[in-house]
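These notes are about the structure you will find just below.
Here the chain labels run A, B and C in written order, and each chain numbers its own residues starting at 1.
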Amino acid sequence: MTDRQGKVFILTGLPGSGKTTVLEAALETLKSLGLGEVVLVNYGTVMFEEAKSSGLVENRDQMRSLPAEIQRKIQRSAAEKIANMARDKIVIVDTHMLIRTPEGFLPGLPMWVVEALCPNIIILVEAFPEEIAGRRSKDTTRNRDVESVEDINLHQQMCRSAALACAEIAGSTVKIIMNHDGKAKEAAAETVKLFKSLKR
Amino acid sequence: MTDRQGKVFILTGLPGSGKTTVLEAALETLKSLGLGEVVLVNYGTVMFEEAKSSGLVENRDQMRSLPAEIQRKIQRSAAEKIANMARDKIVIVDTHMLIRTPEGFLPGLPMWVVEALCPNIIILVEAFPEEIAGRRSKDTTRNRDVESVEDINLHQQMCRSAALACAEIAGSTVKIIMNHDGKAKEAAAETVKLFKSLKR
Amino acid sequence: MTDRQGKVFILTGLPGSGKTTVLEAALETLKSLGLGEVVLVNYGTVMFEEAKSSGLVENRDQMRSLPAEIQRKIQRSAAEKIANMARDKIVIVDTHMLIRTPEGFLPGLPMWVVEALCPNIIILVEAFPEEIAGRRSKDTTRNRDVESVEDINLHQQMCRSAALACAEIAGSTVKIIMNHDGKAKEAAAETVKLFKSLKR
């Protein structure tokens, strides 16, 4: 970790965890507090931009068909780009800890990404599996896979383990933010407290 | 990860998980589907062959008495040998995620092995702890330690965490295949689907 | 891992797990057994001594205000110093797997420390969360945070995952020692057995 003035926060949460809602509320509060520059980046978007500017792809769908070795290089350079932003800013990286695929749980932050990002805090936005299932069933705008409550629970548990492996690699802390139904404000307030805690 | 044409699957499961049964059924289906060359290797056997051909040991029992540093070298060269096979083949590595020893849970795939193998998918064959205990008690051919249902549950949980640490290191996916009593066919079919998914 | 004659044990446990009690009882037995030289080190203390002898700090409170990069260097050199002791001795490192901070769970043994220490066994002293809560409430000598039984359970679960990530990095075993109420003697006996098992 270079001794940056800024900080890197990794924000993760299952689909239906309310990650985006919590993040937006937290950002609004941060702005009203005038807490310096906070940059929000979507890791997948930065990766796509890196690949596009290298002439490797033209659209996002082509990303998946890149050879594994090339994908790793892009992942790493995207991570380095983000780490660079954090030299003097608070950077929040919106991403996934584990992506559910037919081949199993895929790490969103494999070792070479974690090492390059060197996050200060890894946030897991969580809720009861039943709450997540309920939110997903109500959300008709997104075409989400139907996962059982048990599967959601497993996914969340697996994310915790993956987060701890990342923490071991980078020396980051792992913070669980509970976002229960009707408690998004409280979750946002807790997130703000986290951002402020590292603002020196 | 070199951009190999083949793939590496790590197949793990507690004694009594039915890993071997699932694997054999899956291999049979793969053969009947004519899905290219599938090589099955036992990691411990490859390690022993490496040590033997280096003149370090004459029989398998001597493996344990090798100094730690030598053991690591053999582990790594065995992993490299297997990774090499995967250049143009599907390689299934039969091994253990965590071995229960009097000194605690020992990783079957420590970092230097995972890095050398660079598996595409890490498979955990699981069953309910009660089912595993039941299968073990019926299996009188092998001299297995008697573990309580609680201990089996713990072992299985620990394997999940270890698998996720491996996944973070290598960027592999982690797939849990449930092999419930009387459902070996379904488990084998799911395994076949996995092998086919990565066959491009 | 250099092929040391000695061994490194990492001893961890939540506040209230009874780690110290178990350790003291184990050390007493080891002494009475005449089991060679056993050195007990507190990782935080070794770090402080390293920083002090480098002229970086004068007292322990100043440790936290050191820049992250410097802290890492001290962590690593402290770990190397301890690993060096283990060339011909049994070294028990008293530390924490995960420290609860307002920013989340902080790894006490990040990767660069684990790699330098290269522990043989990572011990997790555990108890039922209710037992830990009970012990904490009775202990009025230390100013401990009040954590709910649920939080203690989470902390303990997270420690297991972190320990497995460490084990993957260093190839160590992970041993859970249960220290239930009134069973400290049994826990100490189990710990002694572990120490003896690696004494060759």
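Here is the rule we go by: contacts are C-beta pairs under 8 Å (C-beta built on N, C-alpha and C of every residue); 3 or more make two chains touch, one makes a residue touch a chain.
Just so it is clear, the model here is predicted, and its values are computed rather than measured.
A rotation of 120 degrees, rounded to a multiple of 5, brings the CA atoms of chain A into register with those of chain C.
Where chain A touches chain B, the two copies mostly use different residue numbers: shared numbers make up under half of all numbers in play.
Distance between chain A and chain B, defined via averaged C-alpha coordinates, is recorded as 31 Å. Within chain B, residues 161, 164-165, 168-169 each touch two or more of the remaining chains. For chain C in complex with chain B, the touching residues are 1-3, 120-123, 160-161, 164-165, 167-176, 193-194, 197-198.
Per the touch definition, chain B reaches chain C in the complex via residues 67-69, 72, 98, 101-107, 109-112, 114, 154, 157-158, 161-162, 164-166, 168-169.
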